[in-house]
Amino acid sequence: MKKLINDPTRVVEEMIEGYIKAYPKHVRQLAENDRALVTAKETRNGKVGVLIGGGSGHEPAFIGYVGAGMADGVAVGNIFASPPPDPILEATKAIDKGKGVIYIYGNYAGDVMNFGMAAELADLESDIRVGSVLVTDDVASAPKEEKQKRRGIAGEFFVTKAAGAAADKGYNLEDVVRVAQKANDYTRTMGVGLTPCSLPQTGKPSFELADNEMEIGLGHHGEPGIEKGDLLPADQVVDRLMHDILIDMPVESGEKVAVLVNGLGSTTNMELYIMFRRVEHILRDKGIIIHRSYVGSYSTSLEMGGASVTITRLDEELAAFIDHPADCPLYVQK
Amino acid sequence: MKKLINDPTRVVEEMIEGYIKAYPKHVRQLAENDRALVTAKETRNGKVGVLIGGGSGHEPAFIGYVGAGMADGVAVGNIFASPPPDPILEATKAIDKGKGVIYIYGNYAGDVMNFGMAAELADLESDIRVGSVLVTDDVASAPKEEKQKRRGIAGEFFVTKAAGAAADKGYNLEDVVRVAQKANDYTRTMGVGLTPCSLPQTGKPSFELADNEMEIGLGHHGEPGIEKGDLLPADQVVDRLMHDILIDMPVESGEKVAVLVNGLGSTTNMELYIMFRRVEHILRDKGIIIHRSYVGSYSTSLEMGGASVTITRLDEELAAFIDHPADCPLYVQK
Amino acid sequence: MKITAAEFKTFLKNVVTMMEEQKDYLCELDRKLGDGDHGVTMSIGWQAVNEKLDGELKDEQDCAKISMLAGRTFLSAVGSSVGPLYATGFMRGAKAIQGKLELGDQELRDFWVAFVDGIKERGKAEVGEKTMIDTLQPAAESLQTKFAHTNDFVASFTEAVKAAELGMESTTGMLSKRGRSSRLGERSLGTKDPGAASSYMILHTFLTTITSAQTV
Amino acid sequence: MKITAAEFKTFLKNVVTMMEEQKDYLCELDRKLGDGDHGVTMSIGWQAVNEKLDGELKDEQDCAKISMLAGRTFLSAVGSSVGPLYATGFMRGAKAIQGKLELGDQELRDFWVAFVDGIKERGKAEVGEKTMIDTLQPAAESLQTKFAHTNDFVASFTEAVKAAELGMESTTGMLSKRGRSSRLGERSLGTKDPGAASSYMILHTFLTTITSAQTV
């Protein structure tokens, strides 16, 4: 597949360079490790540090979410590959202000091992308290009884938002972890893929689908989904996604939710709004209140075609955090 | 090409419905015409109204740019087709607060005729003063001597931003028009296409390119460009775009500019940052100061692959307007 | 000859059918020169006209009102470049036949001359710029000249449609000067202008409608 | 038998070469089961190791230090799942041969047993879950058993590589339980696990390196 790149082995370095230069007032690269980026404004004293990260290729996630009201630092891996412990550790040291650091990341074998090693080193070498919340929002990736095995996809945005707001409000580490964990427990996502992406280094499509097929419940690295099906009209696709989400996490009439209709890369805003429209119909029919909506490409898989729907149940505490302002290079909320 | 839609003839209606439902606090649809959207907060009394619009398929442009500090209203056409005079006229009436309305739109035959007819009707039927600024930023679309023939592409974002800020600061119609016209005069864009888009109703690709080809200077509706060339590494592509831009509009060392690296649809943020990186190198080498940068999909052509670079020269007045805060559904700046 | 409102509506209905058939072809031309939507735009516009024909205009007997509403409906449905152009054509045509329940030779001539003049005025294009004007202007000129000698609309319009066809064909070899395709330079050579094609189709449909109506 | 630091470095160099050759094949397996990057990840990691071999490690004579730095370098270069896994293998192996300038039969056995134990501990996978453990654990078991009887590393390791191959092949028929592919269910059947393949390649390369070194 065609890409506007130079050396395929240097895409992550060049992306980071461009990103840092585009937002010098927002983010800076650590001298200790060029894959560790932190807020240029310096984490406030006494604030819990919020650290996110994972493989590249999901932009605006995760680099785009460093800023006021969201994360203080991010560790950047190769494409679709967890960062190693070094950048995680360096970012941890840079953003710890004595109150500890929360790690928020998707539940993937690689991330679990690398963030786990970094947390251990932060404790042993630097005496920094680290709390970890693994995002497990993807309904399609394991049965309900094994939610702890599920992978994290677009719902990580809401978990980061909740934790970022809680930390910004001065919550201590235990409470920020509690809030993030609750946000994760209250969040479900399910996605559908139409066209594959390709790694810059191989140029090969991540999966193959006929012109009339879609992949249901696929992962956000192009991992195959739970089943292939006929390509259906948008409304039927949304019905299927919402059905699986609401079976897994029943929401009562009168409850508030946040909604994210997320594009995986090459899906247009037009398609996402058409999908959101159907989500709104379904929720309205059930008497569920949409407290806030997010529609756009918040967490992508390179240029993959497809979309996911995320629903987060909101109690009073989470609703306030979703409304909390944020000022990141790739996400601003007033 | 695969799309997540329902009825291809109703994509614009369904998109608008979803959009309005996603941002009820920001935008509303006029009862008089469902293709006319205006700010939900009501235009301030005594403020000049800012009206934008054009064909659909460019989202987040133009619907996404209605909000504080930007436009007050937008007229929405069919895909890649100017809206007719009716929605333009209705939006004009809704946002005029006695101080007149500025129309900002791209220089296309259709838009010129439809906005022109609407402006005439606004004057004749409703006695509303209308000023018009046609965006002509696309360097590739006509020689320098015929700038008035050039079409408008991504640079319309900066023209809207400048006019929106000026109107927000209380400038009168003549001055808002002067500012918008200056922003247009100081703005140049040039783009490159890698992969085509397809209209929902035909499903056919807008152009054909071999795997090793790119289209230089293409329009943002998939109109063919000025030439086909070999697909080059990102840096060489940027060199070509910047060369053509800076030949056309020389910028002195020490001058300030705003930069927009715009994705046309399916181009990833990663690629856009790699391109921005090179833009930054070129400008830094010339001693030109980047006052503010915008990198992302600000004006698309459905799912087209490719990108454009926009440079706007900033005097004191324009620099202040670029920094002016904005709060639109699809673009927020603090 | 005489055209009733019913026949005028048959003409519009025939255009509706014909545009559905030619939609893909017109898009194909526009893909080469523009943004690929000309067939879609024509189809949307004429479908909207069709709805009016089946609704509001069902019992309308005034040709001018029919043409006026067709033009306004087309414009509201499509915008685009051709919205204002064709709409102005039908609306100016309407003005030329105001209050007429039947259209005789003179009215029909006036209708089409006004139709073309309106489009010229709206778009400000000249012959040779690769637009629908290359079809319409030769047609209008031929119609006027021939009619001045004969006062026979069908004979004059038959000639006009031939001139229109030649004009349309001539756009293939032209460098574009107007609209989206004007940015193509040399690459605009070799493809027929979509608007030149659709306007020929409209004129041609009018001719076949009235000649078959006549034989009845 | 005895392995010098130079021979140990030759082994690592051979892995570097081999991974470049097998890169596409490993990506192909991972495309079917995971995110398609296993070959890329291995290549990036081993290229980083290669740089160290040509630089910092050029004159290093301590096998443990070589293995330790190889592990740390691999980890820093790739992260991913296999970063912590293989890195732990090489670092634990290093610990088992601390201070050794040459590796005799016993040290070589200890190195590979520690290598596999480290990976098991890090990833917590069991045999039968369709991971590199299906290759590595049978190899380590075979090595230990045979070596206990013979004290002959080459003979025991030859057996171990055979057990590794069988283990690797067995993953084709397994349902995945770990890592990305565990979400595939039935669809994971029929494809060999990429990590099982790359770990077999590493063991096999060690065997060919020491046997060709021996004949010298």
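Some notes on this structure:
Think of it as A, B, C and D in the order they're written, each chain with its own count starting at 1.
The definition used in the following text is that a residue touches a chain if its C-beta (ideal position, glycine included) is under 8 Å from a C-beta of that chain, and two chains touch if they have at least 3 such contacts.
All values reported here derive from a predicted model rather than from experimental measurement.
Number of steps on the shortest path from chain A to chain C, with steps defined by chain touch: 2. Removal of chain B from consideration leaves the following touching groups: A, D | C. When you average the Cα atoms of each chain and compare centres, the chain farthest from chain D turns out to be C.
Distance between chain centres (mean CA atoms), chain B to chain C: 32 Å.
Chain A and chain B have centres, each the mean of its CA atoms, that are 29 Å apart. Separating the centre of chain C from that of chain D, both taken as means of CA atoms, is a distance of 75 Å.
Annotation for chain D: no residues touch two or more other chains. Arrangement of the chains shown, judged by which pairs touch: a linear chain-to-chain path with two open ends.
According to the touch criterion at the top of this document, the contacting chain pairs are A-B, A-D, B-C. Chain A meets chain B in the complex at residues 2-7, 11, 14-19, 21-23, 56-57, 59-60, 64, 192, 194-195, 211, 214, 231, 233-235, 237, 265-277, 280, 293, 295-297, 300, 302-303, 305-307, 327, 330, 332-334. Interface residues of chain B, counted against chain C in their complex, comprise 9, 55, 77-86, 108-110, 113-114, 117, 140-142, 149, 151, 199, 201-202, 204, 206-207, 219, 221-224, 226.
Those residues of chain C that touch chain B in the shared complex are 24, 27-28, 31-37, 39-41, 44, 75-85, 122-123, 178-185, 187.
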